Amino acid sequence: MNKVIANATEAVEGVKDGMTLMLGGFGLCGIPENCINALVHLGVSGLTCISNNAGVDDFGLGLLLQKKQIRKMISSYVGENDEFERQMLSGELEVDLIPQGSLAERCRAGGAGIPAFYTPAGFGTEVAEGKETREYNGKMHILENALTADFAMVKAWKGDTDGNLVFKATARNFNPMMAMAGKITIAEVEELVAPGELDPNFIHTPGIFVQRIFKGTDYEKRIEQRTVRPRD
Amino acid sequence: MNKVIANATEAVEGVKDGMTLMLGGFGLCGIPENCINALVHLGVSGLTCISNNAGVDDFGLGLLLQKKQIRKMISSYVGENDEFERQMLSGELEVDLIPQGSLAERCRAGGAGIPAFYTPAGFGTEVAEGKETREYNGKMHILENALTADFAMVKAWKGDTDGNLVFKATARNFNPMMAMAGKITIAEVEELVAPGELDPNFIHTPGIFVQRIFKGTDYEKRIEQRTVRPRD
Amino acid sequence: MALNKQEIAQRIAQELQTGWYVNLGIGIPTLVANYIPKHISVVLQSENGLLGMGPFPFEGEEDADLINAGKQTITTLPGSVFFDSATSFAMIRGGHVQLTVLGAMEVADNGDIANWKIPDRMVKGMGGAMDLVASADNIIVAMQHTNKRGESKLLPACTLPITGVQCVKKIVTDLATLEVTPKEGFRLLERAPGVSVEEIVSKTAGRLTVKGDVPEMQF
Amino acid sequence: MALNKQEIAQRIAQELQTGWYVNLGIGIPTLVANYIPKHISVVLQSENGLLGMGPFPFEGEEDADLINAGKQTITTLPGSVFFDSATSFAMIRGGHVQLTVLGAMEVADNGDIANWKIPDRMVKGMGGAMDLVASADNIIVAMQHTNKRGESKLLPACTLPITGVQCVKKIVTDLATLEVTPKEGFRLLERAPGVSVEEIVSKTAGRLTVKGDVPEMQF
């Protein structure tokens, strides 16, 4: 069940104009850097990108925004990006803002065959407009639909050739749910190992959710807010 | 945030007649043996037990059945238990049979603040009776409600004093979801360690879901179907 | 000659394709694992929380914490993964398992299946069967063509409480391989070696379509 | 004297109880972590996937893979746990986080909160705020009593698009501690040291209930 492909270029084969993509990461943490670069080179456009954030001007999804490859963003928070703001205010870019927990759960639902679920998040707000509402346990909830994507692109710390993945620290974030929700899921990893090298008890994303895997290169891993404390 | 209690007797303090309990395990694998024994000694009755299975005659939940402490079972599969069959057929025991995946998801939903979700499982069957149905993606689904419990009792391999849990192999099964769904969740563990001894990257159940933890004793770990192959 | 259980399993094993994740139910379906062609690489999913199910352990190496959905002691393989029950059924419900093989008491010619309950008898429960049949795109039923009383198990409509609707895609019985089609009901694909079309027709109560020459199964 | 941001955070820290899991929003709420009383043991949840958030790392020890919800580099503590975003919001939505502290642009006297969007201005998104305010039983808002134009942020009704309905339980501003009650609107609990009830009344546009002597905050 070897799912290894050579590189990012091969990974994004089949991505076409107008497709819907999911991209893991929170801020710039745990984003599929190699896949994003490959998408820039591939030059596809009209993309709908489901990603918690939209990168910064010159890194992450910001690179796709600069090239105007994105038609629509589905995110929870999109600050820190001037080009994003320009395109959004000018109407070039469509933006669907979703509460972060609903975004995570909607991706999981998409991967788990749950087409819809009730959540209290967003009841009474703009987010609830046009959505069904219902009271459970004395509290109002709204019905949210699952999200899926033509391709999901995730970044893991380690992976084996069967597609089993392990994430590191808070770089896990949206990656596991998006891995579940892609029709084709591409995993780029820092370390690619043989089956059996990862402890079967401690795998975050089982390989069944992953169709392509490759070892990424040249990770920049940019830090958005470098906060430190003085040594005593 | 120390959640350690002395033993199983202390663990089940507060369990009262008529309460709803969740008990982890699949078959006899990964069941909270110590808690079940403590419930037998506590002598509470009229319990509703949510558990994938109902034990065997003389082990697991079978022990509570023998003492007629259970009023209702919510399970997916209840074979291998003569006393269960007797009580069920005589009407002493109420039984709510739920598809295994729906049971797992309903427990997770209960713990995750999702009051209801759509699933295709059981559409067109007895399970769907009285439930709302809806078509998504050309396929019919039924609306299932979340499950919660007054107490959830789970069995882990290792746990730390903060309540963080690690399960072993297929003994994980329903334990993580039930840990999420208990108003009070009790974890019994084979090994109890200090905070920091478990790798933060590889914890199956974060301590936030666990209110009481103790080191279990005298695990029998009975095997239901001992299947082996000859050595060549 | 009608197939025995091993042969039914062997015939089903021919359906496997490299790269598939496969869930094998209890009974005949479990036997399919013994006949996977050497050149085919599949991963077996056990719904209690394991991908990559290996063979039974050697005597003395049984681990109570490592069982399959039939509660049998088993082993893992390199690349195996453990997970919880919610994740397991996320795989199943989400369509990530390419093939489910399971037994049945009855199959209707519209693909309905009944395999969990006999009224007035002890009901053991549906386990994961309802999730599996409602979710998988490809469901193959392994069963005898007739029940112990000689009555057809391939019916115009299920008489027993059903497990799932219009979900069975293929059936391998001791007598035949049949496809379940929306328009033609059961379509006869293959005969067991030496079994006549007439016998299959006579033992199939549901709508059966037979077109042209029906080949024998090849093993 | 009106409180500064640190003092608002310090006052909120007094609300913490041992055993609580707490989510602190960006801005003043983040500062609360610096004032947790020594005898109180709480666990900080960061919704991007961490329980047990520690202090900022020492210079040179930053890890790009270890950040908080404000995208700041941080550290862990013994007993910390990492998890994915779905699990994180399962904790929040499921009511496992006992306290959420967050900032606000406006709070209404029925507990509505607005803190994510100003029409005709760039909208950055609600992040996890809508999940947090819809879920937590106990929500404390940390904010200035008035906006930059001197207008009250405690209103009869929010004028901005709201983040959540009837959810705020308590507010700590630079001038006062207030409870939000269904029947009495804002109930004045404490004054900042040296701040008069009259000033608070004059700067509170929503329904305000003042009963008896209103004590000064104690630090």
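Lettered A, B, C and D in written order, each chain numbered from 1.
The working rule: a residue touches a chain if its C-beta (ideal position, glycine included) is under 8 Å from a C-beta of that chain, and two chains touch if they have at least 3 such contacts.
These figures come from a predicted structure and were not determined experimentally.
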| item | value |
| --- | --- |
| Contact-graph separation of chain C and chain D, given in steps at minimum | 2 |
| Distance between the centres, which are taken as Cα means, of chain C and chain A, whole angstrom | 36 |
| Whole-Å gap between the CA centroids of chain A and chain D | 28 |
| Numbers and ranges of chain A residues touching at least 2 other chains | 105, 108, 112-114, 119-120, 167-169, 200-201 |
| Touching two or more other chains - residue numbers and ranges from chain C | 76, 82-83, 86, 89, 92-93, 135 |
| Chain-level touch network, classified as line, ring, star, complete or other | other |
| Pairs of chains found to touch, sorted by chain label | A-B, A-C, A-D, B-C, B-D |
| Chain C-touching residues of chain B, taken from the complex the two chains share | 26-30, 52, 75-79, 85, 88-89, 95, 97, 99-105, 107-108, 119-127, 140, 157, 167-177, 204, 221-231 |
| For the chain B and chain A complex, residues of the former touching the latter | 105, 109, 112-120, 134, 136-137, 141, 166-169, 199-202 |
| Complex contacts: residues of chain B adjacent to chain D | 1, 108, 110-114, 160-162, 164, 180, 194-196, 200-201, 203, 206-209 |
| Footprint of chain A on chain D - complex, ascending | 46-50, 55-74, 76, 82-86, 88-89, 92-93, 112, 117, 122-131, 134-135, 161-165 |
| Complex contacts: residues of chain D adjacent to chain B | 18-19, 21, 41-43, 45, 51-52, 76-83, 86-87, 89-97, 135 |
